[in-house]
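Here come two complexes built around subunit A, the first alongside subunit B, the second alongside subunit C.
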Partner chain A sequence: MKRKVVSVLLCAAMVSAMMVGCGGGSAAPAEDASAEASEDASEEGGTITVGFSQVGAESDWRTANSESMKSTFSEENGYTLIFDDAQQKQENQITAIRNFVQQEVDYIVLAPVTETGWETVLQEAKDADIPVIIVDRMIDVSDDSLYTAWVGSNFKLEGQKACAWLQAYADAKEMDEINIVDIQGTIGASAQIGRTEAFDEAAQANGWNVVGQQTGEFTQAKGQEVMESMLKSNDNINVVYCENDNEAFGAIDAIEAAGKTVGPDGDILVMSFDTTNAGITDTLSGKIICNTECNPLHGPRVAEIIEKLEAGEEVEKQQYVDEGIFAYGSDVPEVEVDGEKFEVTEVTQEVIDGRAY
Partner chain B sequence: MKNLKQKMTGNSFLLIITVVLFLIMYGAGMVIFADKGFAKPQMFLNLFISNAGLLVMSMGLTIVMIAGGIDISVGSVTALVCMVCAKQMEQNGASAYAAVLIAIAIGLAFGLVQGFLISYLDIQPFIITLAGLFFGRGMTAVVSKDMISITNKTFLAWANYKIYLPVGSYSKKGNFIPAYIYPTVIIAILIFIVIALIMKFTKFGRSVYAVGGNAQSAMMMGLNVKRIKLKAYLLDGFLAGIGGFLFCLNSCSGFVEQAKGMEMDAISSAVIGGTLLSGGVGTPFGTVFGVLIKGTITSLITTQGTLSSWWVRIVLSALLCFFIVLQSIFASLKKKG
Partner chain C sequence: MEKIKKITSMQLFLPIVCLVAVLLINVITTPGFFKISINNGVLYGYIVDVVNRASELVILAVGMTLVTAASGGQDISVGAVMAVAGAVICQILSGGEVSVNQIANPIILAVIAGVIVAGICGAFNGFLVAKLNIQPMVATLILYTAGRGIAQLITKGQITYIRDESYQVIGGFIKGCPVPTPIFVAIIVVVITMVILKKTALGLYIESVGINGDASRLVGLNSTMIKFLTYVICGVLAGVAGWVASSRIYSADANNIGLNLEMDAILAVALGGNNLGGGKFSLAGSIIGAFTIQALTTTLYAMNVSGDQLPVYKAIVVVVIVVLQSPVFKKFMATQKARKAAAQGGGQ
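Up next, the complex of A and B:
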């Protein structure tokens, strides 16, 4: 019986090995044929293949980012998207990019897990003449020519818009003084650097009284902890500048636990960034008075770059996505940063329903 | 004939299944994704390029598993090696050669401490190496919480040195592109060959099989079981250090989250390659195919392009179950005689 099983399996092994052998042989001409076919297709304006290596699906923001890519690079729009989720691992992204190079995709889009360690694999893409577009986080490479363009958020501008809004709101409401706390993001993250820089400049320029400045590490728990300790040592705080929504949720909890109120008629105004769905819902109720967007919808801007490259045009190396500013009420219709005007959107249920994320 | 049959039901049969499975998977990929470049030699070589570090680590795992143990610290050792090498080269001006020594020293230190505790104090290897896993990851964060990019010239020259092979493929534009590998691949393959020879032809290698098969009877045969176990863990640590360095050559950076869960990839590669968790059975050759199968699944799913990459894990888990069930069937057949 055993002998039978063994011999059957051995036969199967031999047959499959032969099949593989044949498959390997016949694959070569097939590849040539399809290579010609795809070349013809691209000459006739056929589909453009884009390989996208995404960090993962760790947050709503990330999911919205992936969805934006998938809907932009759809077959109806003339693209074939090869999507790879790296599960937060850089080595998976490196493997995926190598795979894209062998597939000879037309463009590689990379949302890097880490800022470092891309030299080798991007050099391989460059050697294969495949343009690489970086989205979201920036990468740290010694040779700029390893990527064609970068698309992401302008964190400093986000901060400037929020600060301009606060000053305009204070003027409109005739607030006597601004005693403000800055709950910073994770120190060293690009979002923290940009938003804190804008805050520091605005506080100095407008003469705000900065009561405290400490990191909340972009988390709700730490945001709450920081706010609690700030409230214990100061009772004159009337504005909190949180560098993301999670910190804002923590800060609101801390304020309410201390017996104070948040909102336009309350004791303390809470400002925030990112406009996640939960965040903007709090803006609708006024708990978060002003929420500045960190737009995850990178797809259209990346597609714009690819269209330009297809037409043989030069593209700008650094490109920012458009980002809005959302507020409770309509006290401030627009803000001005460096001479440029930005419209402030008053949050209503329709605004929330109409958003893609 | 009876002799052959007995041999077939043992290690070699599991090995044949692994090899055949790999050939079928890769062959299917070549046929289905021929237009997506799967038939290119470079696609095959990429399996080695991307998994050179894992391959070396899996060799270490194979040895300790044959000896009846386990080591789940190798992913953390990798992270620590990457971080310390990156920090020493970037901030303290160490040379790339020194970094190699650092990597080996870290690996050996882990191997020595873990091996000593496991063999001489007779503590469960799982617990000891779990402690090693936490310690390694924790130390990595202590060394630096920041991401460190390696810019050392010698190091990058090693990492980016392409060795062209006399094979290649034509691109869609009709240019001939020679296939290439990196030095990491050659090192990994050399290490595999050396380990395979050690396990097959040296006294130490055969002792490891004996200890893993049945420690009691190995002792009665006059083998120094404790010392053999210690040596196995030392060798495993050494390989983890080298594997970590090869991984570092691939990623060129150090940061805390690096190589998380890699120990599990190494263990599953060894198991798929025919290594028994209970010890005594397994070959470095099989493990190579275990690694290749894991690489091929990743490759197939990335090339397919629309499946979620989490399917890699699902397929791997299915394969693991398949092989473990097979192993237990063979174990029970063996018992019956």
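Up next, the complex of A and C:
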């Protein structure tokens, strides 16, 4: 009896799976036709429909990223935005993209939760002639015609800016020597690779004494543990290069617990990345001496791409967002990387209040 | 000779040798490893770090040992349960805000709630394993995958910060006391568990249920209840560990609190010379195992091994220790010794 029930259930599951499979296949040509129709419709109506599949709302950064999209693609600017929160699940994102295709949007913007597994659904979007713009994380597809453009952060440049700032600051303050440790991010993450690469190059070029390099896995707990250990093996550390704000919080706790002080007049300078709200608040007090931005405001850059595409122009495949560098005090007004100058913003309460995140 | 044989045949002998061996590496590589000083009014040194950082692992290992002994399986959800407990505690303390500088509710209330929720998670696991007879690994897999999602739900997907000095005490220092508080928490947990196991027959019951559940039932032990109890204890202890871990970083980081710690806890039980198939157990062995793991991590930090190579060295040491303690290897050594003795005897 039991076996019979199981076999019936299995049959039912197989039949339904087949039906779903067939349904997907037959829908594709129909979408082709309707996509053309929607293009006509949008030209008549004057508004551009954008479908945005967001990862979730796991951090301040992410929330700011969503806000940027919502404010850029507003009704006043001539857009209709369909926003979908995937709650950290790729399945939800795939469903969202399929819905966008069915709703015949003009553009799809995707902030992918993972790198892989996008071929099928992006092919469906391509078949429907809907351009896809990837934001934030990169995707890993064999055929890069599946997406039109990518917008995100240039992690290496962030690192280069921070390193240039440190060298300029050391010159301005006439520091005798720089004994620096690098608390790396999660090994293999694109932010870690870019920021570490820039650090290694700068340390060699400027003759910094690198006394330690260890991963803090982008978390406060690990950052604290690693810093604790480094302080014991090296008494002379005067700069810490943390690859995100959470690690910096942990490092500061460890330094203070060891009876040392942080800040411009203290024993150790702490540098950080991301400029989250909590991070930049520590920059205001000087605990984090320099904080390089990882800009979540992707909206305007995506809008720029869409405008170009609307005008029939070619767009560059990889595009970076503009990112600032924030510091305590005004000892270094600007930094130079590869001949290009970047302004350094002195953090004040107004600067913090004026930021979107 | 007899005495040496007696010592080497003790269950705790090999775990202690392993811990000492790991520590001895430091005598050569990091001469300052054993130096302890008072810095900024508190104890300061690598050894202090090892004992301090191992606290959560010790607490988890105690629970894991009991679960392993009674059910012959492991609870792989403890790391996720830690995150749930941390999320509950921080969310109550913050009163629903994302980041607060002053606690909204009394700490004791939040901690009790957090530990109770962790206990409920343990009870859920216990129900599946003891009542429904599901394989422990499969039963606890449910909370292993869902736990962090639940924690995310509680914190609404954000990291909840409690920037209030009073909350940092349990993961930091009590004012005027030079010893890190997590060490006290670990000691209290171990002492209470030891007392319960020694003063009541619970320890004996757990072992007999683990060795043969059916036989224990036939002699009148409620084996279902005993298995269930060990899972509840394991959940409660995971809650305590989660409290310490979240207090260390004064926040509830649902994605990272206790991440992969369940594997370290299982490893600690194994390093302690315990049989992962259940039955007789040694709590002291597991605790030594936990310290060995943390000593290894701290040693590698002190040697400044680069981050991407760290897991390799860890794996090598673990393989060596596990092989040393495996029954086959022990038997091999015993026969070798016997042969040597026989050869010597023949030569006379």
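Here is the rule we go by: the second predicted complex is superposed on the first by the 314 of 357 C-alpha atoms of A that agree within 3 Å, B and C clash if a C-alpha of one lies under 4 Å from a C-alpha of the other, contacts with A are read in each partner's own complex, and residues count from 1 in each chain.
As a working rule, contacts are C-beta pairs under 8 Å (C-beta built on N, C-alpha and C of every residue); 3 or more make two chains touch, one makes a residue touch a chain.
Keep in mind the model is a prediction, meaning the values are calculated, not measured.
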What is the contact status of A:T114 with respect to subunit B (first) and subunit C (second): first, second, both, or neither? first
Applying the document's definition of touch, where does A:N209 land relative to subunit B and subunit C: first, second, both, or neither? neither
Winner on subunit A touched-residue count between subunit B and subunit C: chain B
Just checking: does A:I82 make contact with subunit B only, subunit C only, both, or neither of them? Give me first, second, both or neither. first
Which of subunit B and subunit C A:N92 touches, first, second, both or neither: first
If you stack the two complexes on chain A, which partner ends up touching A:Q123: first (subunit B), second (subunit C), both, or neither? first
For A:E104, decide between first (touching subunit B), second (touching subunit C), both and neither. first
Which of the two partners, first being subunit B and second being subunit C, lies in contact with A:S190: first, second, both, or neither? neither
Does the superposition put A:E228 against subunit B (first), subunit C (second), both, or neither? second
Output the subunit A positions appearing in both contact lists, the one against subunit B and the one against subunit C. 87-88, 188
Contact set on subunit B toward subunit A in their complex: 5, 8-9, 13, 16-17, 20, 23-24, 26-28, 30-31, 34-40, 42-43, 46, 49-50, 146-151, 156, 159-160, 169-173, 177, 182, 247, 250-253, 255, 257-260, 298-299, 302-303, 305-306, 308-310, 333
Residues of subunit A touching subunit B in their complex? 2-3, 6, 9-10, 12-13, 16-17, 19-20, 23-24, 26-28, 30-32, 34-35, 38-39, 80-92, 94-96, 98-100, 102-104, 114-120, 123, 128, 140, 142, 188
For the subunit C and subunit A complex, residues of the former touching the latter: 30, 32, 39-40, 42, 44-46, 49, 53, 99, 152, 156-159, 161, 172, 245, 248-249, 251, 253, 255-257, 298, 301-302, 304, 306-308, 310
Give the list of subunit A residues in touch with subunit C in this complex. 56-60, 87-88, 184, 187-188, 212-215, 217, 219-221, 224-226, 228-230, 232-233, 246, 249-250, 257-259, 278
